[in-house]
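The following pair of complexes shares a single chain, chain A, combined with chain B in the former and chain C in the latter.
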Partner chain A sequence: MKFRNYVSRTVKVSVFLLLVMVSCLILQHYFLRNMDHNSLRVDGFYQEERNSLDVVFIGASDIYTSFMPGRAYEQYGFTSYLLASESIPSEGVKTAVKEVVRTQHPGMIVIEANAFLYGSDKNESDQAHIHKFFDNVPLSFNKLEYIQKNVPIDEKWEYMFPLIKYHSLWTEYPDRLHMMASNFTLDIRGFNYLKGFSTTAQIHKPKKASLNSKLSEMNETKELEPFLKKQLTELLDYCDEQKLKVVFVRAPHYVTTDTLDRVKRSNKMAEFVNSRGYHYYTFEADAPRIGIDDKRDFYNSDHMNVYGALKFTDYLAEKILYREGLEVDPLNDAQIEMWSDTVKKTNQLYRYCDDLMTNGNDLGAQEDVLTLTSLDNYSSAPLEVNSK
Partner chain B sequence: MKFPNSYLCVKKLFTAEIFNIISTVFLLAASLFTFCVSEEDKTSAEFGDTFIITWIILTVLYAFFSVIAFILQLIGLNRGRKEDKMFRDAMAFVIVCMMTTLILVFVRGVFGDIVSTIDMFATLFVHVYIIMGIYSVAYQLGYKSVQSRGKVTFFIMIGIFAFAIIVSILPAFIPDLEEPLSFAAPILELLGHLVLITYIAMGKKLLGSQGQMHSQPA
Partner chain C sequence: MLFNLSYTTLNFLFFVLLTMLLYFLFPVKKYKWTILLAASVFFYAVMGYKYAFFILFTSLSTYLIALWIERVSAKSKKLLKEKKKEWDRDQKKKYKNKIKTQKRLIMTLALLINFGILAFLKYYNFFAGSLNDLLGSFSIGFSMPTLNLILPLGISFYTFQSMGYIVDVYREKTKAQHNPFKLMLFVSFFPQIIQGPISIYDQLAEQLFEPHAFNFTRMKHGMELIVWGFFKKLIIADRAYILIGAVEKDYGSFGGTTLTFTILLYAIQLYADFSGGIDISRGVAQIFGIDMIDNFKRPYFSKSINEYWRRWHISLGGWMKNYVFYPLAMSNAFITASKKMKGTRFGKTAAGAHISKVLPTSIASLIVFLLVGIWHGADWKYVAFGLWNGVIIMLSIIMQPLFDGVVDKLHINRKNPFFIAFQIFRTLLVVLVGYVFDVAPSFEQGMRTIVLFFTGQNINTGIEEISKLGLIPQDYFVLIIASIVVLVASIIQERHQDTDIRTMLDNTHFTVRFAVLYIAVMAVVIFGIYGSGYNAADFVYMQF
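Moving on, here comes the complex of A and B:
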């Protein structure tokens, strides 16, 4: 009977270890985690059915506040997702592209240029920005590759098991309860309503005049930061190797004399990317053509509110579909139903933000339980707004 | 008859394993069918509906036979637990499996992955405790051949489980393996059931022969 007792004891120890592991995983994913709109956005990407997206947008806040996948689907019929994170570093962009190749194989990848336009490489070592993206990427070959190449040895375990870094976050409860609930409802629902879009209901009150109307004539360039140029080169090499259909864009901004250097670097990046055979759309210069109203369509100098996002979405979607020749894959009934819900929530979100801004209330709007509950008070009917 | 409850338990478990095997065959058929039909055909006007209906029928049949197997396992183990605590422990893990299967209908994402892992381990422990229950009875009856066969069956089960873990982790690192390996899970499950049913059959024969021995006139 020794063998039976041995097996029985082994099972009991295994059950104990399994319970410890499960407890740690639950704590790590739902309770002791840096949860915000970035985590919901990245988590939502991995919930999307494999090979179900026509376009994936990669970048920073410039793109996740500018493009509305629900609007694009409703008006133009293609599915998309915003795999973006606040001030994502260039290494994050490279990893994101690899993750998209691993999980989706979309007809097109659109990369917003922000990560390569900084004047220095300080953002590459900004721990907050790095963690906002990488903490939410599941363990995979690409994540391990990033950790192996870029993370100092004493921090590697934090990236593989974020619980090590965030174990003290329990002190921030009950304030974090709504994000925990948002995280959990995302897992129950199985998809992200807004497909990564988030915004702030606010109208920018700038101190300086906008230079947007003059940008189309401005062809000056400024060299990219050397490390970021190297990163961009490696990214383009990877895209060549994988034969990816990639388009680079620069979303509209409220450009002033303070941010003109970034525009010049964007022009330089356009030259470089074009020379490698990829298209680069400088939508900053197109802002007047898009119909962006500098006095109404931004919530700060770097991001558009829903008024601007709606116009930009229509403009970019048309470029993607007609100029770039995107091939749209058919959807099954379950996917059509899901995207119908996305369209409704997007329309409700627009009306919600419009209402807030009309009444002078400044508030963030994203995929969390508080915002989604507020949307129930608004109509989901197609918007009567014509962006053209 | 010695161990009458264990005999009835093992009889029910044998029938349950037959239903498990049938359900796994339907699961394998559904996986193969999904793999063989092209993406275009799945959403085409001519074949799309046929694909969905066929897939639904195979999945429903898988679920139907799985539920019957669960019920038979519970009935059997409920008898067996009166005579051996291994069957009692197996029953506890069958209940855990039922709960995890039910939860998995409603959740996805990371929580779904966690529950799925629990389900995988609980299924292994059900098999382990069933093997140990029959082993225990064989030990008490002094049948060394059944005992040694029990050890072999136990280690084969562990091997199959370890392989299943590797197969579930590999696609995260080598994405191209995901589609080919999608068949590995139902095949390994089928193999596990086949290995288990041969040992249960041995236990059933052993316990059945005990009944015949005692019913023969002195």
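Moving on, here comes the complex of A and C:
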């Protein structure tokens, strides 16, 4: 009798604790979470079948607005994903590389340089940017290592269980319903259509003249911020240790006198990375050669729109395939089906953005239910050459 | 603070869980209490290591002085026994008085040292500032320097508790503790160090030292009490504090309606904060098999201010009654004054006879409440808070026959629910006026608030001001629902005083218990104010 009581109590307590834990996890994942395109992008990465990607791109918005994995697959036949997050700090890049090593063994990792080009280390402590990436990374030894090294003791729990930080988001419903639905449909579908790509349908209206056409002649350099250089060194050490095939790139920007220092630091970074035996492509200087049109292909000074992204994707994909010699793995039927959906949605997205920009409507376009439902009205046929 | 181990953090819950595992798995029953001591030392080291010296000093001085008092007692008893036949009655009486004076001197030494430290750290700057103001008004060019003093964590609580123990040893109500580590545990027991309750040695100590085996029901009840404490503290108190804190920052700029609303909200916040914190403390202690005194007995249902103070911060009230009120009211000076008044012409009238009879208790009450006010903080507003309560209690004692006469004359049935509601409402008003001095940043602002209650009401301005104070409509909704839950629970508890709600819940079907607890936990998780998105408020009584 006593034993029965003991068992009954243990079962009841366990069921209660389990129910509370499951409820908290559901709340944390679907309802009370800081959901945006970053979370959908990072979630989507972890939904990719293990060891199924040929290339993983890591970086900030500079890369997820510039490279279209759907286009690269359609035209060049390799699979890729953008494990990127808005203004990701250097520590985030390091963790992302480790996570790629843990979950995928891609033929190549492409790292966009932005995180290492800041003039100060302020971005490293920007809580919003840190949380935008790390909140969405599932618990793993890599994440715990980041928390243990970098997070103040009183905030450690929040990084492990973001519900602690975001539980008050219930006050923002029903406004957040569409993001919750996006998250939910992503989980039901099981993969991210756009593979992390997001953009804004807008044409940049600059106040200052572009220096892009003069960049190829400019070889000036500027020292990297010491902390960021240390971070970069540690990253390269890790890549050496793991024998990773890593390529560094700098996406094209609308460079003006205000942002020229970043170009100089990029040149310096190129020297440093090259000296360590890695390739670094400074596409900012290549913008005219790629065919980037300063008047049409950017949506702001830091990001290209779909016109620029399409051109850059083709250019970078060719470099990856032919210059870097990427070996492409064959896909099974299910993967082929998924990637053909990705191609369709990417093409539809391009036409959707083209339509918006042609009509002068500025709007964000990403992997959410609002954008995806709008795409149904557009053709998914391959993009014509003159689209470029 | 090394890191945050405050009662409402996950760190604290894990600390309790770890302590619990160590305590119940500790193989040597006799020394189980050492786990509680180690946990208490760790807790204090983490939360206030810079000031650990003070609590160590209080523990050590209390330990030594209690032993000294006991030794003097024992020695005198031994001598009296030896001289039983030799000494006559007068010699014995003389010796006893000598010993009593000696013991009193030793006790006074302990009180002076420990209350001296408390008074210096807590009141020196207030005293210096007030003296400088006074001297300045007489154009005397002398000023006392103010010092950068910070109060050690829980100093008021552990000093009162230790000194209560010293007085009890002096009165021979309790034996002195011969193990310094055991005494240290009594002084520093971690669930009560932040905000009490102030325990009596006889009631708490043996429970601390006894080896408790794991008991499922006790753990379940403890956990339920902790969840209830979290519910009150995190959902109600800390949410209400968002508005109260905003008002406190710029108190002078708000009109009467906003301040009235703030004081009403403060009444809810203070109760939820303090009683919630005590529930967490009691819940944690209960898991270890230790029953701590309940500090609250639904104080807002009180029908008089006297009753309110018997239901609010019961442990402080009990301490004051035992160690200040009775010694004062029964002192020769007070009784002589009462007798003298009785002998006068006025004392022979009906009113005079009553007043002279209640004089010692009413004056003692006034002094006690003045001390309670000062205990709350070093500011004239707390003096006003204490005096307000003291004067009302003194008047209610003195005028009791008059009130009784009026009620009888008007043929009011004292059990009539409307009369009871009137009494509760009247008491609440008196309490709210006292709270004004708690919230207002100074005595002057407190007085201004009271004037504004009557002259500064403007609904439109009030709504406009309140809407900008950080709470959104959803917060008010949660506040109202959570307060109704607490009110309903309080009414149920008030009607079933012989038991408690947790025991009542035990008698319901498993699914009901399960649902109630699940809803409570999830409500705290979703609606609680915690995490870095908020500046979680410290417990109000932590600062005392």
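The rule is simple: the second predicted complex is superposed on the first by the 384 of 388 C-alpha atoms of A that agree within 3 Å, B and C clash if a C-alpha of one lies under 4 Å from a C-alpha of the other, contacts with A are read in each partner's own complex, and residues count from 1 in each chain.
FYI, contacts are C-beta pairs under 8 Å (C-beta built on N, C-alpha and C of every residue); 3 or more make two chains touch, one makes a residue touch a chain.
All values derive from a computational prediction rather than experimental measurement.
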With everything superposed onto chain A, say whether chain B and chain C fit together or clash. fit
Mind working out whether A:Trp157 is in touch with chain B, chain C, both or neither, as first, second, both or neither? second
Once both structures sit on top of one another, what is the angle chain B-chain A-chain C taken between CA centres, to the nearest 10 degrees? 70
In the superposed arrangement, does A:Thr171 touch chain B (first), chain C (second), both or neither? second
State whether chain B or chain C is in contact with more residues of chain A in the superposed arrangement. B
Which partner does A:Ala128 contact after superposing on A: first (chain B), second (chain C), both, neither? neither
Quick one: classify A:Arg9 as touching chain B (first), chain C (second), both or neither. second
Which holds for A:Asp187: it touches chain B only (first), chain C only (second), both, or neither? first
Between chain B and chain C, whom does A:Leu18 touch in the aligned arrangement: first, second, both, or neither? first
The superposition places the nearest Cα atoms of chain B and chain C at a distance, in Å, of 14
Would you mind listing the overlap between the chain B footprint and the chain C footprint on chain A? none
Touching residues (chain side chain B, partner chain A) in the complex: 39, 42-43, 48, 52, 86, 89, 106-112, 114, 117-118, 121, 125, 128-129, 132, 135-136, 139, 147, 151, 154, 172-175
In the complex formed with chain C, which residues of chain A make contact? 9, 12, 16, 19-20, 23-24, 27, 32, 153-155, 157-158, 163-168, 170-171
Residue numbers of chain C touching chain A in their complex, please. 3-4, 9-11, 216, 472, 474-475, 510, 514, 517-518, 521-522, 525-534
Contact residues on chain A for chain B in the complex? 1, 3-4, 7-8, 11, 14-15, 18, 22, 25-26, 29-30, 43, 46-47, 51, 102-103, 138-141, 144, 184, 186-188, 190, 329-332
